[in-house]
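To start, the structure itself, in structure tokens.
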Amino acid sequence: MNTERLAAFSDGVIAIIITIMVLDLKVPHSAEWAALAEVGPVLLSYALSFVFVAIYWNNHHHLLHTVTRVNGAILWANNNLLFWLSLVPFVTAWIGETHFARQPTILYGFALLMPALSYFLLTKVIMRGGADDSKLAQAIGHDFKGKISIVFYVVGIVAGFFLPAISYGCYLLVAIIWLVPDPRIERSLKED
Amino acid sequence: MNTERLAAFSDGVIAIIITIMVLDLKVPHSAEWAALAEVGPVLLSYALSFVFVAIYWNNHHHLLHTVTRVNGAILWANNNLLFWLSLVPFVTAWIGETHFARQPTILYGFALLMPALSYFLLTKVIMRGGADDSKLAQAIGHDFKGKISIVFYVVGIVAGFFLPAISYGCYLLVAIIWLVPDPRIERSLKED
Amino acid sequence: MNTERLAAFSDGVIAIIITIMVLDLKVPHSAEWAALAEVGPVLLSYALSFVFVAIYWNNHHHLLHTVTRVNGAILWANNNLLFWLSLVPFVTAWIGETHFARQPTILYGFALLMPALSYFLLTKVIMRGGADDSKLAQAIGHDFKGKISIVFYVVGIVAGFFLPAISYGCYLLVAIIWLVPDPRIERSLKED
Amino acid sequence: MNTERLAAFSDGVIAIIITIMVLDLKVPHSAEWAALAEVGPVLLSYALSFVFVAIYWNNHHHLLHTVTRVNGAILWANNNLLFWLSLVPFVTAWIGETHFARQPTILYGFALLMPALSYFLLTKVIMRGGADDSKLAQAIGHDFKGKISIVFYVVGIVAGFFLPAISYGCYLLVAIIWLVPDPRIERSLKED
């Protein structure tokens, strides 16, 4: 199996994940602005998760670009990532419908942490699958962004037991960190 | 990231957006024509939005064709456009279910205005990302269609506070303007 | 816009249409066989429509293969076909839920007739867009299959007012006619 | 029609099948952990089916790689496989919502058996379509995995009438067997 194929399938799944979240925006049966206002929190949670999934799509694309040959371990590490990403719409709807209540907020952090850990695992598997002089090994380096994201998610989850607002602060910080595409991989690829 | 990849992901998201709108056509539980008639307004709103999303797919495709190298700004300007387009099914269902009532009609205009502004922004970002002798800069020119569309949407939104019928007149005008693929870009591409 | 792109977008939309029909199979809340039996008619209608949409995908693919250059007319004739195909899931669910009652059966015939007419229109538009020595013009010939399908659909629709069973007989006949890929186009392409 | 096209359409359908299963995870309206716990069985059934569909995607990809020319028989044997796979989300939701009750467990086995038989049929059709010295014929050999899977599914279905737990044991065994990509096909392809 070539990288192209794996990327196309992943892109398909991620495109569906990012789009079906909008199905959780229940259409108000009344035509009043007040009825629309009730959709507000679900819309907000959708916008937040849209950004997270878009970040994954972007970084995932960069990552797969460094793979030269797909093996079974890479395939299943990738499927594992897609599985956890596919749960994001469910948790997104839960925080939206419960107006960002405590338990859903904690689960949301968990639902973001699991893809982060899966992405980290995928990176490791790709590094082992490629040669030790692979572009990726050089490019990722100490992978500061990946590690700090995991720390922020864990802090956000713990904070959720006390004050959900702090959790969302942590989650937003991760989004901001990743919004900029990783210059290390880009630089490494450009040197070819 | 190459343009091909960005176009494929965008196409996937737009294909899903245009198709899931049909899920809002609720199947009548009775087998009578009268029960079917109730679906009429939702079907009409679906047909209208199908045309709008199809226009975006078409023009978006032409636009991405002029991009030679995707940078982070283009990527996120494109994600921004996809986000606003993904809200179209929700608002489409709202105008259908409320039989084109005032507030939903105004919001529908807004839901069409935001992708228009996002598309305009994407055009600007692509122009800055490419060289000043880029085909696009030449091709778009003063971008009369894009600007007049935004004017029509704003007029339609304002008119919605008084008479929704005028709003739909404005929205339809925009559809008619764009139904013809942009000859300026096509001409410019053909000169290659 | 090249043919490849148009085919990819169409494939995406058709893949979604064929798959979301399964969402109309409502999961029984009881674990009894009796509860499952109620799903029977919807499953049957799904299987029928799956075959029809798969036939369109197959023939549509063959047809686009003969296009050398996409113009605006081809683009919108294709969008028109996709629009009518996208209504098939809705009507499929209606015949299933009403156990193949009279009115839904008539509408089902109409929902199959419209893509057939749209496909016919697309063929004509492609013939005009290509050169008069185009492979397609030669390949399609008198297009017996396309014309007889339209006749069968119309007969099926009219029969629906008297006896729905005859309608399904007509619809099935069309499916059988098309299940064999068109030898004329294949032969013509092979002669290259 | 080339293999690439058939693979792309199949990938699209499989990507949608694997993702829409998540729509059956109904969002709890309460923000309590207890409300979340009710989703547990549906989540478990989703994870199980995710693995099965991912295995099919993987093996299907390997299989299509051995096809040199798509004919009508291969096309419809492939559509037949996609049809049965598309029913997996429905049965998955049924076992989840009924907490793995007897009848749904039996049907789940049937819903896994049918794609297995369809996959077997597709293999046969591809072998007939290709030359007798085809890579596939050599690669598949006695197809031990495929045959033992069918045996396990049948045992699982029969066991379901007595003790559903045994059924899931059988189904899991099949998943484990297939999780490793088929070394026979890979070896054969590598020898090129």
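Some observations on this one:
Which chain is which? They are A, B, C and D, in the order written, and residues in each are numbered from 1.
Following the convention adopted for this analysis, contacts are C-beta pairs under 8 Å (C-beta built on N, C-alpha and C of every residue); 3 or more make two chains touch, one makes a residue touch a chain.
Bear in mind that the values here come from a model prediction, so they are computed numbers and not experimental data.
Counting the residue numbers used at the interface between chain A and chain B, under half appear in both copies, so the two copies meet with largely different residues.
Chain centres computed from CA atoms place D at the largest separation from chain B. With centres set at the average Cα position, the gap from chain B to chain D is 38 Å. Chain C has its Cα centroid 27 Å from the Cα centroid of chain B.
Residue numbers of chain B whose C-beta contacts span two or more other chains: 8, 12, 16, 20, 23. Arrangement of the chains shown, judged by which pairs touch: one closed cycle in which each chain has exactly two touching partners. Remark: chain B residues 7-8, 11-12, 14-16, 18-20, 22-23, 25, 27-33, 36, 39, 43, 47, 50, 54, 57-58, 61-62, 65, 179-181 touch chain C in the complex. Only residues 1, 5, 8-9, 12-13, 16-17, 20, 23-24, 72, 75-76, 79, 82-83, 86-87, 89-90, 93-94, 97-98, 101-104, 107 of chain C touch chain B when the two sit together in their complex.
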